[in-house]
Amino acid sequence: MATGSRRRETAMSVPATEHHDPAVAFEAAKLGVWTFLATEVLLFGALFTAYTVFRMKYPEMFRVEHAKLDRVLGAVNTVVLITSSLVVVLGVDAIKRGKARLLEAYFGATILLAGVFLCVKYAEYAAKFHHGLYPRTNLFFSLYFVMTGLHGIHVLAGMGLLSYVIVLSRRGRLSEAWHTPAEMSGLYWHFVDLVWIYLFPLLYLIG
Amino acid sequence: MARGTSTSRLVYLAVFAALLALTVVTVLVSYVDLGLGNVVVALLIASVKASLVALFFMHLKGESRLMWGFALIPIVFLSLIIFGTLVDTMLR
Amino acid sequence: MDNVLAFGAASTQAGRVDALFVMIAVIGGFFFFLTQGMLIYFAVKYRRRLPDRDNETPAITGSPLLEFLWVLIPSIVVVVIFYYGWRVYTDQRIPVAGATEVHVNARQWMYEIRYPDGRTAINEIRVPAGKPVKFLLSAADVLHGFYLPDFRVKMDMIPGRVTTLWVQPDRPGSYQIFCTVYCGTGHSNMLARLIVMPPREYAEWVEHGGREVGGGGGHEPLAVRGERIFRNAGCLNCHAIDGKEKIGPNFRGMYGSKVLLEGGASVTADEEYLRESIVDPGAKIVKGYPNVMPTFKASMPPEDVKAVVEYLKMLK
Amino acid sequence: MEGAERIASNRNGRGYLAERGWRSWAFTLDHKRIGAMYLWTTIFFFLVGGVFALLLRLELLSPQARYFSNHTYNVFFTLHGSMMIFLFIIPAIPSGLGNFFIPLQLGARDVAFPRLNLASYWVFAAGFLVVIGSLVAPMDTGWTFYTPYSAKSAAAVTTLSLGIFLLGMSSILTGLNFIVTIHKLRAPGMTWYRMPLFLWGMYATSIIQVIATPVVGVTFLLLAAERVFGVGFFDPSKGGDPVLFQHFFWFYSHPVVYVMILPAMGIVSEVIPVFSRKPIFGYKAIAWSSMAIALGGFLVWGHHMFTSGMSPLANTIFSLMTFFVAVPTAVKVFNWTATLYKGSITFEAPMLYALTFIFLFIVGGLTGPFLGALATNVQLHDTYFVVAHFHYTMMGGTVMGFFAGLHYWFPKMTGRMLNEKVARTAWALIFVGFNVTFFTMFIVGVRGMPRRYAEYLPKFQVENVVSTIGSAVLALGILVMCWNLLQGLRKGAPAPANPWRALTLEWKAASPPETENFHEIPVVTEGPYGYGIPKA
C-alpha cells in the first residue's frame, strides 16, 4: 500500500525522531541511552543493596570467602575492560573524523577484548565449580555469581551491539555526519566497564 | 552538527593511564590490612575511576544539565534504597 | 465483642488504638464532608443553566494564598496524626518487666505454643488476666502472621528470626487469633485462640498440669477425651471429618479401610497406622496428598495420641 | 505529493485506521495503533481479572468453602491481583492512552523512538504469553510473591517471574520513550508550563517506571535464581533475609501505585476544565505535585511492612514520609474542586467519571491516614480494610480515571461518538455497585477479617454477602459500558474533530487522526486551558 510503504520509509530511514532534524535525533538518542543507563544502575542497584546488607551482617564470612577468589585474574580482567573502554572511545573518535575502517578495527578489537574477559571469567567459574563453590554454597558466592553473571550477560549484549555497529559501518551507513549507533553503543560499553570498576574491589579486594 | 566539546585522543590516553595506575594502586592496597580503611580506600578509588570514565570516555564533561541530571538521579535513588534497607536491617 | 460501634477493646492499649482510630475518623470525616460537600455543591450550583450556551466563567487561574493554605493545613494535620500514631505504637512496643513469656511457633497451618515451664499446646494460649504477656513469635517454614483483633495488634512470624509482641490482657475471655500473612492452602484455617483466665482459675489450671479444669478427669471416656484433643490440636484445619475434602485425607470411615499410599503400596488403616501417622506423618503418605503435616511427637503425649486414635475409630 | 496523499487518506474519514490487515497492526510504527493494541490487550485482561474477582466474591457468599477448594480460591485471588496489576492497571493508561495521546498533545508526529515503541509492545506480548504459560501450574502465592512461600511453592513461580521480568522491561522501554519524547519533541512554543497536565502526569510516571521497575525485575530474577540455583538471598536457612525481598518488592511496588494513579490524575485534570469551561485552578501546583508525588513515592515503601518486624526507626521514618506524600495529593483534590467554582458545568460521561474519580479517591485518600499511622496500621494491616482502601484508590481512582479517559477520547480515537444515555446508565450502575462492594470491606476490615481468606468466621457473613451483591451490580455496569463502547465503535455517529470544544492539541487533529497526526506541526502560543469567558 502506498501510504504504508511511505510511512515505513520515513520512520525507518530517518532514525528516531520526527522533526527530521538530525541534531534533535542525536540528542534524543543520547538522552534515551542515559535514561536506559539510569535503569541499569538500579538493576545492579538491588544487588549492591543486597551486598551491603549481607556484608554488614556477616563481615567475617565475607572476609574468609573473598580470599577464595583470584584477585590477580580479577585485576587482569579489570585491565582488559579498561583497555576495551579506551579502544571504544578511540573508535568513536575515528568515525567522528569519518574513518569508518578505523572504527571497525577498534570496535573489532573491543569485541576481542570482551572475549578475553569472558574467557578469563569462564576459567574462574570453572575453578570455583571445581572446588565445589556454587551459587548455593553461601551468601558470598550467591552474590559473586549473580553479580558477575548479570555483568557477564551485559558484556555479551555489548558484544552484540558492537558487532551490529560494525555491520552498519561495513554497509557504509556510518559517516562523519551520522554515527549515532557507534556513539550510543560506546556509552553502553563504558557503563559495562563502570559496573566492573565497582564489582572488582567489592568482590575480589575487600570481600 | 554541534557535538559539544570534542576531546582529544591525548586526553583519552592520559585517562587510560590514570585508570591503569589506580587499578594497580587499589590491588596493592588490598594486601595491606587497614581494617575498615580497606573498604573506604577501595570504594574511593573505584569512584575516582568511575568518574574518570563518565567524565571523559562518556563525555559527561561537556554535557548539558539535562544529561547530568539523568546521570546523577539514579545514584540518588541507589543511595535511597541502600539507606532505607539498612535502616531496617541494621537496627532490628 | 467485635461490634464496630461498641469497639470492645480487650485491653487498655487497645482502647488507645481505638481513640486514635476515632481521632483520625473525625479529622477524616471533617475533610470528607468539606471536600465532598464543596465538590457536590459546586457541581450543582455551577451547572450550565442554558442548554446551548455556557455561563459566563471567570478566567481564574489560581490563588497563591489558597495554595499555600492547603499545603500548610494538611501538613500540620498529618504531622499531628503521625505523632499520635507513633506515640501509641511506641508505647505498645516497650514491654514492661515481669511479663509472662509465651513462645509461639507457626508452621503450615498451626500454632505451636510452648510455655516457659515446658507445657505445650496447639492453637490455644492460656494466660492470666491482668498480667502482661510477651509473645515470642517464630515460624518454621514460611511467613505467618499473629493477629489479635481484640487487642488491635499483630506481628509477622518470620522463619529464622524471633519477633515479639506484647499485650496486657485486662479482661478474661476467649479471643480470636488469626494468621494474617498469606501462607498457603490452609491460610484461612490457621486460627487459634487466646484464652484470658481469671488469675485464680489460671493458677488452678497450671496446677492441673495444663488440663481443662473439670474436663472429665479420670472418668472421661477415652474417645471423648480424644475428640477434645483432636479439636484443640488443630487437626480440623487440614482434615475433614464429614465427607468433604481438605488438605489432608478425610477421616470419616478411614479406620479399617484400605489406604492407597504414595508409591503404589497400600496399608490397612489400623490403630498402629493411625498412631504412626500422628507421630511420624511422613512415614506413609496417602496417595494424592502433600507431605506437609508436622510431627506431633513432642506436642502430644502418647496417652493423648491413644485417645485421638480412639476418637478417629469412631468416625464411621 | 505527500500532502495530496495525506488528504486522500484522510478523505475516507478513517485516518490512521485506513490500512487493514494484521500486518498493518503487527508491524506498525504508528504510536496510535500501538496505543490501540495496548488498549485492546489491557481491557481484555481487565475483564479476565474481573471474572476472577467475581468468582472470589461468589465463593465468599458462604463462610465455608462451597464452590471451590481453598487452593482454587488462593489461585483465583493471585490471578486476579497479578492480572489487574501487571497486565491491566500498570500498562493501561501509560502504554495505552499515553501512547496514543502524548505525541498528539505535544504536537509531535510520533514518539521519539517508534521502533522501540513497537518492540516494547511485543516484549509486553511475550511477557503476557509467558505469564499465561505459567498457568500450567497456576500460582497461589498472592500477587506479592512473598518469600519463602514463593520460593517453596510447587506452582510455576519461576516461569511467572520471567514473565513479569519481560513485562517490566516493556514498561521501562515505554517510560524511557516517553521521557525522551516529552523532552525533545514538543511542538514549537510548547514550553513546559504550556503542556497539558496529562503530560506532566505521564512524565512523572515515566520517571518512576524507569527508576523503580529494574529493582523489581532483578528481584524476580533473584527469586527465580533461588528456585533454580539455590541462591540464598531470601532464604533464612542460608542466612538470607525474607524481609529483604519485601524491601525490594515494595521499592518498586509502592512507587508503581503512582504509576497507576498519576496518569489518571492527569486525565482528570484534562477533563475537569473542559467540562467546566474554566481554566484549571493552580496549574503549576498540580504539575509540580505530580513530580512531588513521584519522588515522594520512593520514600514510603516501608509502610507496607510495619508489622514485618522492621526496625522501630525504619517504621518511624516510613510512617512520617507516608504522611507527607499525602499532602501533594490533597493539593490536587483542592485544585480540582476549586476549578469547578463559578464554572459552566455539563455532565457528559467523561465528566461524570472524573467527578467520581475525585469522590472515590477522597474516600481512598482519607482512609490512608489510618494505615499510615503506626498504631492503627498495626491493627488494620492485612485486613479487609486495606483491601477496601486500595480498591478505592486503584479502582475508584485509576480505573475511573481510565474510564473518564476512554469516554473523553473515544471520539478522537475512533472517529465516532458514544451513546450518552447508555454511558450514563453504565456510570450509575458502576458508581452504586462499586460503593456497595467496597465500602462494606472497610467495615468488615475494622471488625478484624483478614484478607486472602478462603473461609472466614460466620460473624463476617453479612458484610460479605452485601459486598458480593454490590460486585454483581458493578459487573453489570461494566458490561453495559463495554457494550456501549463496542456499539459506539461499530455504529456511533461520526465525531467532529473537537466535540468537547477543548483547547489541547489532540483536538486540532482530525477524528480519528491521520497517520502522522498533523498536516502541519502546530505552533503553540498559550497554555492548554484558556477557557474563561470574560464578561462581555
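Read from first to last, the chains carry the letters A, B, C and D; within each, the first residue is number 1.
Please note the rule applied: contacts are C-beta pairs under 8 Å (C-beta built on N, C-alpha and C of every residue); 3 or more make two chains touch, one makes a residue touch a chain.
Remember, it's a predicted structure, so these values are computed and weren't measured experimentally.
A.B. asks: Identify the chains adjacent to both subunit B and subunit D in the sense defined at the top.
C.D. replies: Shared contacts of subunit B and subunit D: A.
A.B. asks: Averaging only over C-alpha atoms, locate the centres of subunit A and subunit C and give their separation in whole Å.
C.D. replies: Each chain reduced to its C-alpha mean, subunit A and subunit C end up 50 Å apart.
A.B. asks: Would you kindly tell me how far, in whole Å, the mean C-alpha position of subunit B lies from that of subunit A?
C.D. replies: Their C-alpha centroids are separated by 16 Å.
A.B. asks: Rounded to the nearest whole Å, what is the centre-to-centre distance of subunit C and subunit D, using the mean of the C-alpha atoms as each centre?
C.D. replies: So the centre of subunit C lies 33 Å away from the centre of subunit D.
A.B. asks: Which residues does subunit D have that touch at least 2 chains other than itself?
C.D. replies: 183, 211, 215, 241, 243-244, 247, 251, 309, 312
A.B. asks: Counting only residues that touch at least 2 other chains, which ones in subunit A make the list?
C.D. replies: Within subunit A, the residues that touch at least two other chains are 31, 35, 38-39, 42, 45-46, 49, 53, 57.
A.B. asks: Residues of subunit C touching 2+ other chains?
C.D. replies: In subunit C, nothing touches at least two other chains.
A.B. asks: When you check every pair of chains, which ones turn out to touch?
C.D. replies: Taking the chains two at a time, the touching pairs are A-B, A-D, B-D, C-D.
A.B. asks: So in the complex, the part of subunit B that touches subunit D is made up of which residues?
C.D. replies: Where subunit B meets subunit D, its residues are 66, 73-74, 77, 80-81, 84-85, 87-92.
A.B. asks: Over in the complex, which subunit C residues touch subunit D? Could you list them?
C.D. replies: It comes out as residues 2-4, 16-17, 20-21, 24-25, 27-28, 31-32, 35-36, 38-39, 42-43, 46-48, 54-63, 66-67, 70-71, 74-75, 78-79, 81-82, 84-90, 92-93, 141-143, 145, 147, 149-150, 152-156, 158-161, 163, 176, 178-189, 244-247.
A.B. asks: Residues of subunit B touching subunit A in their complex?
C.D. replies: Against subunit A, subunit B makes touches at 1-3, 6-7, 9, 12-13, 15-16, 19-20, 23, 26-27, 30, 38-39, 42-43, 45-46, 49-50, 53-54, 56-58, 66-67, 70-71, 73-75, 77-78, 81-82, 85-86, 89-90.
A.B. asks: Of all residues in subunit D, which touch subunit C in the complex?
C.D. replies: 65, 69-71, 74, 140-142, 144, 146, 148-149, 152-153, 236-237, 242-243, 276-285, 307-309, 312, 315-316, 319-320, 323-324, 326-327, 330-331, 333-335, 337-338, 340-347, 355, 358-359, 362-363, 366-367, 369-370, 372-379, 381-383, 443, 446-448, 450-457, 459, 530-536
A.B. asks: Name, in rising order, each residue of subunit A that touches subunit B in their complex.
C.D. replies: 22-23, 26, 30-31, 34-35, 37-39, 41-42, 45-46, 48-49, 52-53, 56-57, 71, 75, 78-79, 82-83, 85-86, 88-90, 93, 96, 177, 186-187, 190-191, 193-194, 197-198, 200-202, 204-206
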